[in-house]
Amino acid sequence: MAKTKAKVGVVGYGIIGKRVADAVAAQSDMKLVGVADIISDVRLRIAQERNYPIYCSVPDFEPGMREAGYEIVGYLEDMIKEIDIVVDCTPTGVPRQNLPLYRVGNVKVIVQGGEKHDLTNRSFSTFGNYARHLGVDMTRLVSCNTTALTRIVATVTQEYGVSDVFVALARRASDPSRTNRGPINAIAPVLGVSHHGPDLLTVMPQLKDKVYSLAIAGSWTLSHVHMLKVTLDTTPSKEEVVKLFKGTPRILIEPGKQGLYDSAQLVEYFRDLGRPRYDRPEVFIWQETLSMDGRSNLYLIYDVHMESIPIPENVDAIRAMLEMETDVMKCVEQTDKALNIYKKGAYSGSLYGGSVVKKESKALV
Amino acid sequence: MAKTKAKVGVVGYGIIGKRVADAVAAQSDMKLVGVADIISDVRLRIAQERNYPIYCSVPDFEPGMREAGYEIVGYLEDMIKEIDIVVDCTPTGVPRQNLPLYRVGNVKVIVQGGEKHDLTNRSFSTFGNYARHLGVDMTRLVSCNTTALTRIVATVTQEYGVSDVFVALARRASDPSRTNRGPINAIAPVLGVSHHGPDLLTVMPQLKDKVYSLAIAGSWTLSHVHMLKVTLDTTPSKEEVVKLFKGTPRILIEPGKQGLYDSAQLVEYFRDLGRPRYDRPEVFIWQETLSMDGRSNLYLIYDVHMESIPIPENVDAIRAMLEMETDVMKCVEQTDKALNIYKKGAYSGSLYGGSVVKKESKALV
Amino acid sequence: MAKTKAKVGVVGYGIIGKRVADAVAAQSDMKLVGVADIISDVRLRIAQERNYPIYCSVPDFEPGMREAGYEIVGYLEDMIKEIDIVVDCTPTGVPRQNLPLYRVGNVKVIVQGGEKHDLTNRSFSTFGNYARHLGVDMTRLVSCNTTALTRIVATVTQEYGVSDVFVALARRASDPSRTNRGPINAIAPVLGVSHHGPDLLTVMPQLKDKVYSLAIAGSWTLSHVHMLKVTLDTTPSKEEVVKLFKGTPRILIEPGKQGLYDSAQLVEYFRDLGRPRYDRPEVFIWQETLSMDGRSNLYLIYDVHMESIPIPENVDAIRAMLEMETDVMKCVEQTDKALNIYKKGAYSGSLYGGSVVKKESKALV
Amino acid sequence: MAKTKAKVGVVGYGIIGKRVADAVAAQSDMKLVGVADIISDVRLRIAQERNYPIYCSVPDFEPGMREAGYEIVGYLEDMIKEIDIVVDCTPTGVPRQNLPLYRVGNVKVIVQGGEKHDLTNRSFSTFGNYARHLGVDMTRLVSCNTTALTRIVATVTQEYGVSDVFVALARRASDPSRTNRGPINAIAPVLGVSHHGPDLLTVMPQLKDKVYSLAIAGSWTLSHVHMLKVTLDTTPSKEEVVKLFKGTPRILIEPGKQGLYDSAQLVEYFRDLGRPRYDRPEVFIWQETLSMDGRSNLYLIYDVHMESIPIPENVDAIRAMLEMETDVMKCVEQTDKALNIYKKGAYSGSLYGGSVVKKESKALV
């Protein structure tokens, strides 16, 4: 393992992979060794412009990549020899095929939320189970929706205790640039329980039998939106819950009435802010929607920018697996600073994902 | 009051009004005296073609209506003299201005769900409180969303008892033909509790303190979709609940996997069926989404065709208010037959909206 | 060949096929022998409900179709034995595979506009070349866009002569019920000349070197819209051109300002009219967009309902190929009456598609 | 007039105004004195964060702005005293009301393309008529669509001569953040000639009687797309025209087949590039769509990013009106460098907008 900087390789330079590459390159304790893919379109121009070494994942595609003008420094196998850990961001199903290569190369592995939990038998969420990932060899980042859900649920679980979680998700049809996908003017229900409830349990197994989720998908591309009902063990006031979230990293809570009425206006605000790719890796809670009823139920609606939400968690996972930082909150602070999503005053407490390690046996997950 | 047929006038010939007019004209015990409006566009061609007498609601608009080639048989005041009951389907706020006219004319009045409950101090839903409307002079139909929600909740309340209702609504941005409205590619939360929970209480006050609703609206036009969690007092099996809904009028429950995966495919099916305007006044439950967890919670997702859902209830309300039929189920059967939404074997039991009158004092609502 | 009624089989019961079946069934001189497909979803319910005999196109799918509750009267080969002509409405590429079957069965064949012209070496458009199809054995209906374009261009060519045609098409992304297709919020250009210009030449070869088309597709589903510039040989007034179109079958020209401002309001109007599936097989010209400049250029914008536009032309093609009617205008009138799109006073003149047969040699097409 | 830096004020801090402010602040020869508005929402946070002095345009709104936490340095009248030139980017109709203030303050004035030409009796486009704006006191930037169209048409006019222009525009329904506007799933034609043809004549009056435009608007928000036919006086090859555009500033021409198939993928590319707000003030031509037919007609399709297209032209207009630079190409180069849209090798020739001043009398425009 690297003494100095962690050597990281990114496989799959798509929606998630290109962001993970930028995020890794921005960390002072990590080195982006390269990105590997088979594409030869304009996306690679960005990698080349940023001087990310480009590896070819499958030799058959090398001629096309070179013809398109991209310098190829080697094959995926070559990259694996140079790295401590690989973040595989390839399309669903491909990571399973790549695993043997990674094992041969003896590198640690992170796959993304499109994969099934049983591929790795372990799933990661900073807020849910960071402490349990110290030193482990392989994990799967939970999906963007579950990453966001875990941030919220772990936060209130730690503070108030939770006896029931029901989330109704409105999923975007596709990422903005995947323009071959519909529907154009329709809503499609997920026919059965959506995977999000079960997925939450992979990182917070303590909530077994307390979680359910329903989901629809429809004709928009900017973000997922969650409508959440959580039954708490105690009865904080609405103001206390707002304050809790205001003091938590990677969660923004602001009134919509100041010109952030919908997801497009959120995008506009982050465009104006100068955020790269208008990314908002923070969960955004519309403050007016948060309420407590008289029966310990907390309600709220929040926005999940699926393209960027799991990026900080990928960085955290690298640090946990390579044991670069054992204190979850210090890790989060370091990641957030490097990604310019630092939230003043939010890193003084503890996170559920850091404390559980003491309470429960490792065998559980 | 009419000895033979109930004489009905419709004010406002828009999305709802034109359907109420057709529905009234289709009832053997009602006579559509006329429709009143101020528009002069192609919508009136349909009224003229169907020989609905056209009244002018505001004299200033009469010349325009005549110029556009429409025969005007009188003013709104004239129509009022000819009718027993008026169904006011004008845009929000207008019914309040029309009320004095109706009082002078001594006609019964139905307004629609865009109006506030306190305009009439009484709201109507066939499934919720039909029996309490026998003979009353004025009411407000609850909104399309609440009409649909009441059908579901009243049905399970009667059968199993209910201790908690949470509904997450995904509202269409606008009706398909109201093309000046957005958003095009965004999701907007309702900033606060949505009105649907409180609105349900106007027709099912027994659920006080047991109901909450959150809502979003977004870039689609075909229907509303509800994701519902209801905590029951008993623990029926999933199959029993499916059977219950299969035997209930105005509720369809079918698998999505047979080619009804989303709201656009539902529309296609009803286009193919030859339904006028592809209307589906029935709530449509995607059967695969219905489930019971181990804690008496029922979950399901259903589709609400906002343009046509409240139409049968408008017809029922006329019958209740004019005391044409005291048995709610007989009324529903009669309405459904005339509207060609008759559901075989669904009219033998009782409806919550018919039985409550015995259990509770009239003073409650 | 049938003495009495033409015996017609429809293969492929999708967007076009189900409409062709209904249209054939509505003709007094035709008999719908059956529809053949491999699907087992709710679409077949409609066929069964309308008593259309259902044939199974590929035996492997028979069990699934029967399991879903549909009565199968035979295989495709069986249907072919019973018919004079087949209208193949299967997805692009499938008709090529079906052709040997049809040849063996010795039936005439119509394929749809998704196929290439060279599959049949002949393409059909009523307005373009009806007379040249009398008695032929096989043809291809031009696409929905070309069918509409031909109606307009043939009409002005016959009346005024034409020296240049440029059409800019805005294509819908997908039919409303094909909800797996995008884009959701984007415009995609056709990269190169769109096929519509060349396709027009397959039915109006006289326009060689005078036609060009560009096209975009985008995030809407209701219709195609064409922006057309045609340079005429003479200089009629705008009013004369409007009058010409007003007297032409299957072309509607009306002001948008009467409440038909956009394609969704058109749909609403046809829903209100009670048209089956809100179909509008007529081209709809927004009258305000039609103008003549001082240089013999005609400009206009029109709406093309892709789902239903080619339906009457399919019926016409059957009549031409089976030589049931040699006079194109009589054929059009008969079709239009049966489809309830009869246009008063529009069938007295001649159509370009009928007269060209005299002017040019058959060898041309 | 300022000896050193031009002192510029921006009125209206919306879609265009906020970009003009940033663009002015980025020029080494200009100073952004401040921005004036009446809003108090999150948009002003950006101005404050960038240290743009904020002025209140209408005193009634001052308390709201202060309450929202924004520091107000003065009223609009105060800002006017400090500046040489004002760029008014307020909503349509407001500039007319502001003009008296500007006259009293004796400042030069630029209004935007939402205003009518007759407000200023002069319209500006760098490519069309820069040279005629040297020293003038007031002008109107043509709209985003016309700015883009002029870049293309002026370029080919200068090189080849032009006898006919027809453009079919597909306009976005609204900017992405103006989420109250539709349509959601429809296409609406402009009922009559669209304003774009006549608007082009305000900056290229030499094309009188040679220009026509039709337009539709629909359910997308990312950009306008133009389908253009231009009849040239000469017959360059397709390759020559491509080369011409490749050597012209503010025009990009690239194959779509390298992953830029549609407007959403263009947006993605500019997001990846790190462009502020993913702006692309350059016209983008899909190279595969450009062709020449045998009759001197040039065809092409291009993308117009309405939010940012007119920004460089606003900067140019300031320089022309304050006579800071008489050579149009030097001005364009300076602007483009400061805005990071510099195009290597594109500034050596001349621009139509610079040369016409010698050929024609000032009286013409």
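Some notes on this structure:
We just call them A, B, C and D in the order they show up, numbering each chain from 1.
Methods note: a contact is a pair of C-beta atoms (placed from the backbone, for glycine too) under 8 Å apart; a residue touches a chain by one contact, two chains touch by 3 or more.
Keep in mind the model is a prediction, meaning the values are calculated, not measured.
The chain pair from A-B, A-D or A-C that repeats the B-D interface, sharing more than half of its contact pairs by residue number, is A-C.
Here C-D and B-C are compared, and the pair linked by more C-beta contacts is C-D. Per-chain CA centroids place chain A at a distance of 49 Å from chain C. Averaging C-alpha coordinates per chain places the centre of chain B 39 Å away from that of chain C. Put simply, the C-alpha centre of chain C and that of chain D have 43 angstrom between them. Multi-chain contact residues of chain C (touching two or more other chains): 176, 179, 183-186, 188, 219-221, 261-262, 264-265.
Residue ranges of chain C in contact with chain A, taken from their complex: 173-174, 176, 178-186, 188, 219-221. Residue ranges on chain C touching chain D, taken from their complex, read 164, 166, 168, 170, 183, 185-193, 209, 212, 214-216, 218-223, 225, 227, 229, 255-257, 261-265, 286, 288-289, 291, 293-295, 297, 299, 301, 303. On chain C, the positions that touch chain B within their shared complex are 18, 39, 41-43, 46, 68, 176-177, 179, 184-185, 221, 258-262, 264-265, 267-269, 271-274, 276-278.
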